[in-house]
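Have a look at this one before I ask anything.
The letters A, B, C, D and E name the chains in turn, as written, and every chain counts its residues from 1.
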Amino acid sequence: MKSLLKLTNVNSYYGKIRALNNLSLEINEGEIVALLGSNGAGKSTTLKTISGLVKPKSGEIEWNGQSLVGVPPHKIVESGIIHVPEGRRIFGGLTITENLELGAFTFRKNKKWVREGIERSFDLFPRLKERAKQPAGTLSGGEQQMLAISRGLMGDPKLLMLDEPSMGLAPIIVQEIMRIIKEINKQGTTILLIEQNAKAALRLANRGYLIEIGNIIMHDTADVLRMDDKIIKAYLGA
Amino acid sequence: MSILTVKNLKLQFGGLLAVNDLSFTVEKNTISSIIGPNGAGKTSVFNMITGFYRPTSGEIELDGTSLINNKPSQITKLGMARTFQNLRLFPNLSALDNVKSGMHCRTKEAVWGALFHTKSQKEEERLIEEVAQECIDFVGVRKYMKRSAKNLPYGAQRYLEIARALATKPKILLLDEPAAGLNFEEKQYLIQLIRRIRDEFNITVLMIEHDMGLIKEISENITVIDYGCKIAEGTPDEVLKNEKVIEAYLGKEDVI
Amino acid sequence: MKKYKKHSLLLLVIVMFILPLLLDIYWLDVLTLVLFYVVLTQGLNIVVGYTGLLDLGYAAFFAVGAYTTAILMTTFHWSFWLTLPVAALFAAVAGIIVGTPTLRLRSDYLAIVTLGFGEIVRILAINLDITGSSSGIYGIPRPTIGSYVLSSQQDFYYLILIVAIISVLVVYRLGHSRIGRAWVYIREDEDAAEAMGINRIRLKLLSYATGAVIGSLAGSIFAVKMSAIAPLSFSFLQSVMILLAVVLGGLGSIPGVVIGAALVIVLPEVLRGAEDWRYLIFGVALVIMMIFRPQGILPKKYETEDRSDLDEKEETNDKDHSMSV
Amino acid sequence: SSKTGSGDNASGDEILVGVLLPVTGNNATDGKDMLNAMKMAVEKINSDGGVLKKKIKLEVADDGCDPQMATTAANKLVSKKVVAIVGGYCSGSTLPASGVFHNANIPMIVAAANSSELPKQGYDTLFLINGLVPDQAQSGADYFKDKGAKNIAIIHDNSAYAKDLADFAKKSVEENGGKTIAFEAINPEEKDFGSLMTKLKSLKPDGTYFTGYYAAGGLMLKQFKQKGVSGSFMVGDGSYSPDIIQIAGSEAANDLLVTATPTANFIPGAEEFVNNYKSKYNLSPGPFSALSYNGMNLLVDALKRADSTDQDKLKKALKETKAFEGIGQVIEFSDKNTLNQSNFHVMKVVGGEFTLEK
Amino acid sequence: MDVFLQIFFDGLVMGAFYSLIALGYTMVYGIIKLLNFAHGDFYMLGAFIGYALLSFITGDGGLNAGLLGIGAVFIITMIIVGLAGIGVERIAYRPLLTAPRLSILITAIGVSLSLEYASMIGWGASYKVYPIKLSKNGLEIIGAQISFAQIGLIVLSALLMLGLRLFIEKTIYGKAMRAIALDQSACSLMGINVYRIISLTFFIGAFLAAGAGIMSGVYYGTINFMMGFIIGLKAFTAAVLGGIGNITGAMIGGLVLGLVESYGTYYLGGSWKDVLAFGILILFLVFKPTGILGAKEMERM
């Protein structure tokens, strides 16, 4: 298996607050990797550091053999890493379709790709199709989450990083989304997944990392993690 | 005895009928829930009850008083408090100051008192401080008390919003997806918290939630809505077995 | 810590009282203008800094105070002191008149409405006979205390100094009260504030009215100090300069805003020697200051305690319950 | 607690004289012309040995034609302990400044500003050597009457001076049996007077009198001609500047009428002054250069007569001025400290130059 | 002469100037929510640079620059000022994009003062007379006159407005602009180079303002370093009246303001026209708080 992304001793700060503390992790091509951890552990910060929104103070991030440290976010997107951030962050004043078009900004010259991508999103989430011309801000929370994921897919990611994609979604949609993640992965996209719904995440993932106070304290295959006492107590329930 | 009654509630956004002829009641001192697919109109119902949206038609009563045409601030004063699905804390203020806001509608000192530091003003300030600290302790975020709300971990922000709502001394508390983003352990804590709110303060709780584990565990009564209409109602055991509910909302798999 | 602060404040006040003995008339005049700005910025600070309502026409309230006093003193021969409450009342009413239509508006629409009101007040002053049209009102009598006539630079310096101290005190106390907190809640999130039972309409109007009263007070004293007032002193540019002082100093921060007031007045005076280059340098200085201190020179701190607990997350911190907000 | 300016204010071997002028802003052209003339006068005085065995030194303060700036500037001059002030271009800023000087008991010779509001204040420290607005208004109205222009439109810019002139012009026109068919104000910062000109055009005036300053005057004149409004266009001395011809363009400026005290160019016996000025500054003297020159010399004359820099003595000496011969004028003061006789003429632009019309 | 129609034309001309400047105002506001108080000064800068170039090609007193020369001056000036717009954004605004909104308002004032007084130092404080004059030829419509220059001005601003609108609504860059207005960091996660798009916006805004500046110089004949102040204020008013952030709104707002002022001058007199304009604006906003075309901000609880 080829290593796609590798973080070594990464330290990230918000002002004086240290959010990542010598964090190291690795993602191989074709995997689904789950990132578990309690609130404020630094999961989102890890994704933000990878996607360039937060600049690490020290440490190395290697993507396909190239360093990502100091590369601006839009370049990182162009290189195939797409981050679907927590809290959805859809463009409320723009229509669903426009949101999707912007998701394909790096493919803006390829009209066909954009058109087909939008079709694919609508197939994935028919609810979005009904509202194609509606300002995205008027969508319900769940609908917004669907839009955020499809918008991420519009950029044809090699690595898709999803930050709590199931937050606020109805159970039936969560099942749907988990299925879709699996599907996307099958089609060749590597996935880094943050989920509070650890049960679902570990069912989906090949491997998992447990992060606490900005540091990886445990990592193993999903099957092993599922049996771990600590994980069961904090994340899975008896 | 019912504390909140919603009758034939309707809400229209242009062509979209977000809530359609919805009626339900909430009994005093219960923990009840509203569930339903995304976009079913749950939050909209909350927004109407708390005065943020004006219903197209229908009736809402709190303890026998009609809430229609009241401003949100008046409704809060009547004894209703809420949290928001997308957190709406005062981002730059300390956690403590956030919670103090809840006491605003329970106090009355104005310009005069502030300017001359009258005795009653000092007394009231002390009370505000005391209640705010109590609420912060109650939800367990004391260690973040002095930090800006925006810098708190997500879970702490959720609890803080609850503390702020409690500081308004409500009769009924509306929670919009309180467990979203919490891990299993934290959800257990939230469950305890909601129970204590009801048991220690005698506050009725009505919540919207997608976490069926949590719903099953504490909800005594559930209303299910889909496309703005009520499709089922009853105890968790009844509702979660309902075919319509499974089809529209739960799905066949167990993802909890 | 707090005691130390009190001492240095007291020292500052004493220095301010002694200064006139040391300064020549020119610098005394500049300092007097600074103090006028201190009062004005305190008033605007309530509206913009606390409540978060962008006001681009604040000079209008300054004008209401100045003209009310000037007219009552020249045309109706009132005593200066009696004009103050009347001016304050008019200003409060003006504040409510500006406030009412803006209640539903969000920031930038609000900005233009306040700008519009400011311009309307100025144009009224230019066109009405009672305000002396464009030449304004001059020959405004000196105020008296008993048989003592306030007429020298020093007299007015002390008068405005006292008012400045009072206004700082008023704004401080309001800021640290239930009302002041409610203003800040509205600034931070209007809807959430409303959900907490805060009547945003009433509090916004109160904010406008309070700000207006303070502005009018500055105006009343301005009228007797200058002995002549004209519409030009109440232009949009004046409103902008007051706002500039507030933001430059640090929105919502009382000491910050005082520093802002001093800078906005003193800097151009210091630069007088640069002649033509004066305002170019001033403009560039503004840009540079903002780039280096985007929150203002002395921003309001909301996290009062030191943040050492932030690195060690698990450390509990229940030693100190009291906290100055 | 007043009279802060009095006392020892001629220390050393210099006498400090304050100058208050708009050397920045829209009126800076005229302001600088005035300053030039004053400097010229001082140079001559000093090279002739000065006054009271001391040299004159100027302390210049900029009022920018802004009342508030003027007050600050005036206080600055007071604090420098100047003996007297020469200056004052815009009435709007001279009004409050004169109050500051009055409080400090410092005499001020106003070289240009001439709103009737100035003497109305009744300050014994204030001396005006330009003709006053009412006389100016009268000369304009009389000219219109002579030419048979009955229906007059009056436009001002809301400045203290322009409004005053407009009010008196209206009065004089009506006393002369004419009719004010429009009395309008403009905002001098604006450029587009299209709809105002449309309105004038529809009223068919025989004459239009604009009483504001030259920057707006030039633009208005241009648009007046573009729209083809009837009758002649007249301006007051606030617009008496070559700039107005520049701005309007010499074609549109043709036949423009100006009520003003004539420039040095038109004054017999002022050739020397004009030549000196030209060779020194490489410029023609401005409309108020001669008055400024006179003002400075009048002050020196008074200082000599008072034989002291004491302000009360100086005031008295100024008041008692008898037939002081300046360039193009003989100065004597009325009981209001204004000129006993004013000297307004109507000038006309012919071929891009001001000429004496009446 | 049909006075009513003539006043209408007068108002349209004024309105066209307001509109042109309001367009740039609204665009910059639309993307970074900045009330760019320096925007009027780009108009001034355009007028002065155009003046310098025109003086250069017409030589002293020469009046025939030729249409081609004038066209070139227009384009070159607009590009220079557009680049200046980018420069100002880079130096004075970019470091503050994440700062509180009022801070950047203050830098805008600082920039405005700097541009004004730099021009004053460069070109002097007094009025400059534009080296070319417009022909007075035109049309007569039921007795009201309108010159070709005026018609050109109005048509040009309408065309620019249409073009801009298409750009913002239909192209991906326009959509990116609107998205940046809503959430900058989310935009960078879409692979959008946020700074580049913001620069582009400033370029377009300053470019248009410069065009208006030269037109004003040619049309009115004089320019000075403060000329951007009042018109900037009016353009701001127009932009808000139209619904700030909305391109068509800016255009309509400008025209409405021009017409209100024009009729106001006629019926109420010049000294009251601004009271009328602001009075209407305030009343209007009371009943429609988001301006003529402004959409209600979507906010969900």
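Here is the rule we go by: a contact is a pair of C-beta atoms (placed from the backbone, for glycine too) under 8 Å apart; a residue touches a chain by one contact, two chains touch by 3 or more.
This is a predicted model, so every value here is computed, not measured.
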Shortest hop count from chain B to chain C along touching chains? 1
Which chains lie in contact with each of chain D and chain E? C
Taking the touch definition from the top, what connected groups remain once chain B is excluded? one piece
Comparing the two chain pairs, does A-B have more C-beta contacts than C-E, or is it the other way round? C-E
What's the distance between the Cα centroids of chain A and chain C, rounded to whole Å? 49
Could you work out how far the Cα centre of chain A sits from that of chain B, in whole Å? 30
With chain centres taken as the means of their Cα atoms, state the distance from chain A to chain D in Å. 75
As a quick test, compute the distance in whole Å between the mean CA positions of chain C and chain D. 37
Residues in chain B with touches to at least two other chains are numbered 43, 52, 84-86, 88, 151
What parts of chain E, by residue number, touch at least two of the other chains? 125, 271, 274, 297, 299-301
Per-residue overlap in chain C, given as positions that touch at least 2 other chains: 126-127, 191, 276, 307, 310
Sort out for me which residues of chain C touch chain E in the complex. 48, 54, 101, 104-109, 111-113, 115-117, 119-120, 123-124, 126-127, 191, 236, 240, 243-244, 247-248, 251, 276-280, 282-287, 290-291, 294-296
In the complex, go through chain D and note every residue touching chain C. 1-2, 4, 24, 66-68, 71-72, 75-76, 78-80, 91-92, 95-96, 99, 103, 115, 117, 121, 158-160, 163-164, 185
Where on chain A is chain E touching in the complex? 51-53, 72-74, 77-78, 82-85, 89-94, 98, 101-103, 105-106, 108, 135, 137-138, 151, 155
Which residues of chain E touch chain D in the complex? 1, 3, 6-7, 10-11, 13-14, 17, 125-127, 129, 133, 136, 216, 220-222, 224, 226-227, 229-230, 261-263, 265-266, 269-271, 274
Residues of chain E that touch chain C when the two form their complex: 29, 33, 35, 37, 91-92, 95-96, 99-107, 109-118, 120-121, 125, 233, 236-237, 240-241, 244, 271-272, 274-275, 278-279, 281-283, 285-286, 289-291, 297, 299, 301
